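By written order: A, B, C and D. Residues from 1 in each chain.
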Amino acid sequence: MTNTVQTAVIGVTGYAGAELARLLLHHPRLKSVPPIFAGRVDAKDEARGGIPLTEIHPQLAGSNTTGLKLEPFSWELLTSRGVQVLFLATPHEQSREWVPEALARGLRVIDLSGAWRLTESSNRAIYNFEDEGTELAAETQAQAVYGMPELHRVEIAGARLVANPGCYATSIILALKPLVSAGLVDLDHGIVADSKSGVSGAGKAPTAKTHFMYAADNLSAYGLFTHRHTGELLEQIGVDKDQIVFTPHLLPIPRGILSSIYVRFGSSQTAESISQIYREFFAHSPMVRLHNKTLPQIQHVVHTNYADIGVQLSSDGRRAVIVSCLDNLLKGASSQAMQNLNVMQGWPEAEGLE
Amino acid sequence: MTNTVQTAVIGVTGYAGAELARLLLHHPRLKSVPPIFAGRVDAKDEARGGIPLTEIHPQLAGSNTTGLKLEPFSWELLTSRGVQVLFLATPHEQSREWVPEALARGLRVIDLSGAWRLTESSNRAIYNFEDEGTELAAETQAQAVYGMPELHRVEIAGARLVANPGCYATSIILALKPLVSAGLVDLDHGIVADSKSGVSGAGKAPTAKTHFMYAADNLSAYGLFTHRHTGELLEQIGVDKDQIVFTPHLLPIPRGILSSIYVRFGSSQTAESISQIYREFFAHSPMVRLHNKTLPQIQHVVHTNYADIGVQLSSDGRRAVIVSCLDNLLKGASSQAMQNLNVMQGWPEAEGLE
Amino acid sequence: MTNTVQTAVIGVTGYAGAELARLLLHHPRLKSVPPIFAGRVDAKDEARGGIPLTEIHPQLAGSNTTGLKLEPFSWELLTSRGVQVLFLATPHEQSREWVPEALARGLRVIDLSGAWRLTESSNRAIYNFEDEGTELAAETQAQAVYGMPELHRVEIAGARLVANPGCYATSIILALKPLVSAGLVDLDHGIVADSKSGVSGAGKAPTAKTHFMYAADNLSAYGLFTHRHTGELLEQIGVDKDQIVFTPHLLPIPRGILSSIYVRFGSSQTAESISQIYREFFAHSPMVRLHNKTLPQIQHVVHTNYADIGVQLSSDGRRAVIVSCLDNLLKGASSQAMQNLNVMQGWPEAEGLE
Amino acid sequence: MTNTVQTAVIGVTGYAGAELARLLLHHPRLKSVPPIFAGRVDAKDEARGGIPLTEIHPQLAGSNTTGLKLEPFSWELLTSRGVQVLFLATPHEQSREWVPEALARGLRVIDLSGAWRLTESSNRAIYNFEDEGTELAAETQAQAVYGMPELHRVEIAGARLVANPGCYATSIILALKPLVSAGLVDLDHGIVADSKSGVSGAGKAPTAKTHFMYAADNLSAYGLFTHRHTGELLEQIGVDKDQIVFTPHLLPIPRGILSSIYVRFGSSQTAESISQIYREFFAHSPMVRLHNKTLPQIQHVVHTNYADIGVQLSSDGRRAVIVSCLDNLLKGASSQAMQNLNVMQGWPEAEGLE
């Protein structure tokens, strides 16, 4: 265990990147070693040594960001600055390309994209990765650990490549895994995961669907039966494609996810027995907050690093609705990445996150 | 069939009441016979003959509302003005009390509350009606017709008491009835109805939950396994309590409902076969718009009088998600009430609603 | 005066275009003569005769839009269908090009863009019109009437080219003109017009500033001292550049404008004297609603065709804040265009607008 | 200078109280000494030793809030726990009553209400304080320092009673003071301060105006010529009542204030000369961020403890619009209170705030 580490972030210009920068700059062990921010910059900005971070994200202006810049990316930049851990908050195509190179150069990588999350090629098919089937891709995938500390703490500690989970997937897997692992859920009956996410989940690119006039005062379902995060649900929860339906919706809010998850039990359960299962499952997981008698709401998780989970049983104890909330940019992306860094470094898992 | 009719509205001060007033004032057959607005007014307002409608709802100001007032309610007022049809946009307790009296006085009633929607006393239990079990209540209930023209057009035409459906219930019943009636839905497998509504559905009273700071940038689930509209689902769709789960959520928008409804079929279906069932079911229903290849969104139904329905099948044709949208203040309340009036009067069902 | 007229709309795909289509389709004298919608369509859509209107604007689906299409534009199309009045809801560059041609072909034109609103070349400079200085442009401009019926009713009635006002400009001119015309405002003291508009005013193109994440939960000022609508203020109110400051702000709402306007009077005024001036000025203007003792709010004008105006005086009667509200897509664009059509046709000015 | 201090908070149930709690719990010098939270609790809650803080504010749940409670208030509670600094986030009537008692008991007080901000009785008149004119009130007021460190750093350091500024007042005073102090502003010409605030500024009580349906998709002006914060502007900026107009507006967002401030200069200025004045004025003020060439926006200050200020000059250099933004719950309330604590304790002014 070391007291600090030199990090770098590729992709700081996006929403998750901004939050990741904020977290890294405030982490007690990293304050004195600000991350290197690197990426594509045009010639004009290159001439001035990069783009000031506060030009990209004015909200980050403060004494701790004075002088920080988005610098022109090169592997040499990372090497010369002694970077040991690389965060990629980049599109998945770019992560597919850069991760093998980063690993080859001895960097440990936390990749926030969907590039390396899926073990099964059938689940990866939807991404249409160009390098699918190559030896390099297979070798890289073999090194990847799914970066959800609540499920894979030990593997993450030793991992060289951590594939940070999808935001929707995080909210659903954390909610379902305890019950499915305990063998309570009647899988043949089918699980329904009805999720709703704020617009930041759709990324920073201006499109017809991220236009204020499309999203505001609206709610829309999308990606029915086909959303990319489905593969993560199958692999991590351990269910078949026919056993779960996942429907994402676009909420007219900036951030936050709420998933309403419907299960049927093989036998009648009590609130106490269910509560006990969750308490045990998350006994050593500081970033999960369990609700008792109340249900989570988006307003209580945004701008926090927690996932909140609550359960309501039907009066006969045979059915349950699990409500799961998190901030898609934090526990659904950047603070989970930070949590993974803590685990990888042997630091307290919640350090810098409370 | 008459060309016009004198109406009265009790409860114009609420959100649905305002929309009902707007619709009645613009209806081509009612323009020359504005409704009587009546209700409780304090002594000061009584002294000036009531409260100008545009003081209550400034957005309604215009040449067609000049001089209109919320007048002090009395049965004599209604009689003396020749009222034939009474709309009640009142709390259900008040509707329980007033409807028998109105019927006794020969008025036809369209009640927008939950007072008279439910046939089964077990489904009514949640309301705790004070007059439950009395002979008068039973006689009144016996006269009530559930006011969804798409299901009960003929009975509504002759009804003296129309119980206008709940907003959530409308969005779910219209979406499910065609498939359940056709015998396609595997009921034992369970139906999930995950609904999301704008804040106007919570009424005009300022409460902790209607506070802007509670609702904005938030999403919350409530009333799990216990929402009052559940009884309407059971009775109108024809399913048992164990066969459907209904979860309402509070959306951070003023108006609009979207219901995501999950069903499993007994046998594999095609998009075309499902589409055909809906087209036939709603062949003569002008206020339902069926989507083909697209899914409804809230932005396309708010400020319209329509319910929009779309269906997405899984690739194996065994499961479907039905998405159903409407404006909770219009097709979910006041424009459905107006539609019922059209049916009761023998006028074209969509008159004044397109 | 004729009972109806054949219209055409170029630019129906935008937000104002959609509202204009809705208004035209509901106008009592135009119901039986739906407008021709024309514009650019790609080859595939041309092959199917254009794009169904309800594909572009699903919210307009209904019996009155069945079969309507956005057809491939050509002057021949307009001629062959007998179009007499052409609405242009197009970018100003396009209006500069098309209006002269339309006039030459004998069409009367209502142009919703900023192309022909300004008499003074110095005020037009900010637009950088390509044809500035040409004889054709000068001749066309000479025919243009500023389309604010409250100020130019008589000229509009006979106009062949009506330049429909800007949305901000409408809210400010209507608020200030009565007081400035009455000679009450101390112009040397300076007028401040602080305006706030919903995002639809920024147009349908997805940009960084119309992204939900930029606009939501935000407020930003822009175009300080340089906004294009300033010229309209100067010309229509009759003030010098140094006598007014206009600052627009982007509100996190879909639609609506509120302008807070600060003036100082040459002598002390009373609420009654000010009120009297407004009442007289707008005595024959059905689309302006004057507030007495209350102030307008955006919620009371959105989805209406009115401009609402209210005034609050300081206790010494020497200063006033005028609050002016309208729906930028309606009285700020399409319903004012419709109002102009009514005036041009000699129909009641408010017909189809209440 | 001590390394820590025992604090107490009365009024933690409100929005500013929640933020104050969060800040105190994260302050590096206070982490080990959590504040005492005290207030009225009913008998049932008193029996269980108070109300868990996370029941009141679920978003604060975490390892650092375990066991913290809102305890039944008594002066003995504060004494027995060794409280030295008392924060009052209470209604002003309550602060008028409690502050003298607290001072008498030797506590230092930071009062977030409007109770003790105003020196002039004419400016206090609008509050209608019950104890106005009493000797105790006068003595208490004489001890009060206006808690804006950027203006009164030295006095705050030694103060026993700090009157924390109003949110609107903070945004306007910080923006104007440098220019007015420098003698540049032509005061006879009049200053206009047009401010817009999120709904949290209106408090947690559910009222007609804080109802989601009132505030959402809306903008409204209120308190014209009469808002309570006006007195703070007059006293702190040093202008007469006739020299400034202040109009607050209610924005449809949870938090954040943007003030657009209009001034005229006695002589022509340059961007650089104006910029220089601000830089010098705030040279030692870490919580003010000055914009150069850009203007502040609400999105960049919410959830930060900064006030952002930017200026745009007219082309002739004679007029300027100053745009000033802050988070009304932070720099407009609780983080300014924390900043005052830092100054009172001799700690770095920005500690725990960046």
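Definition applied: contacts are C-beta pairs under 8 Å (C-beta built on N, C-alpha and C of every residue); 3 or more make two chains touch, one makes a residue touch a chain.
Treat the numbers as computed from the prediction; the structure is a model and nothing was measured.
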{"item": "Centroid-based (C-alpha) most distant chain relative to subunit C", "value": "A"}
{"item": "Homomeric contact subunit B-subunit C: same or different residue positions, threshold half", "value": "same"}
{"item": "Distance between chain centroids, defined by C-alpha means - subunit B, subunit C (Å)", "value": "36"}
{"item": "Mean-CA-position distance for subunit D and subunit C (Å)", "value": "41"}
{"item": "Touching two or more other chains - residues of subunit D", "value": "214, 217, 252-254, 297, 299"}
{"item": "Of subunit C, residues touching subunit D in the complex", "value": "189-190, 192, 194, 196, 214, 217-222, 224-225, 242, 245, 247, 249, 251-254, 256, 258, 260, 262, 264, 295, 297-299, 302, 312-316, 318-319, 321, 323"}
{"item": "Contact footprint of subunit C on subunit A as seen in their complex", "value": "15, 199-200, 204, 206-208, 210-217, 252-254"}
{"item": "List of subunit B residues in touch with subunit C within their complex", "value": "58-59, 61-64, 217, 286, 289, 294, 297, 299-301, 303-304, 306, 308, 350, 354"}
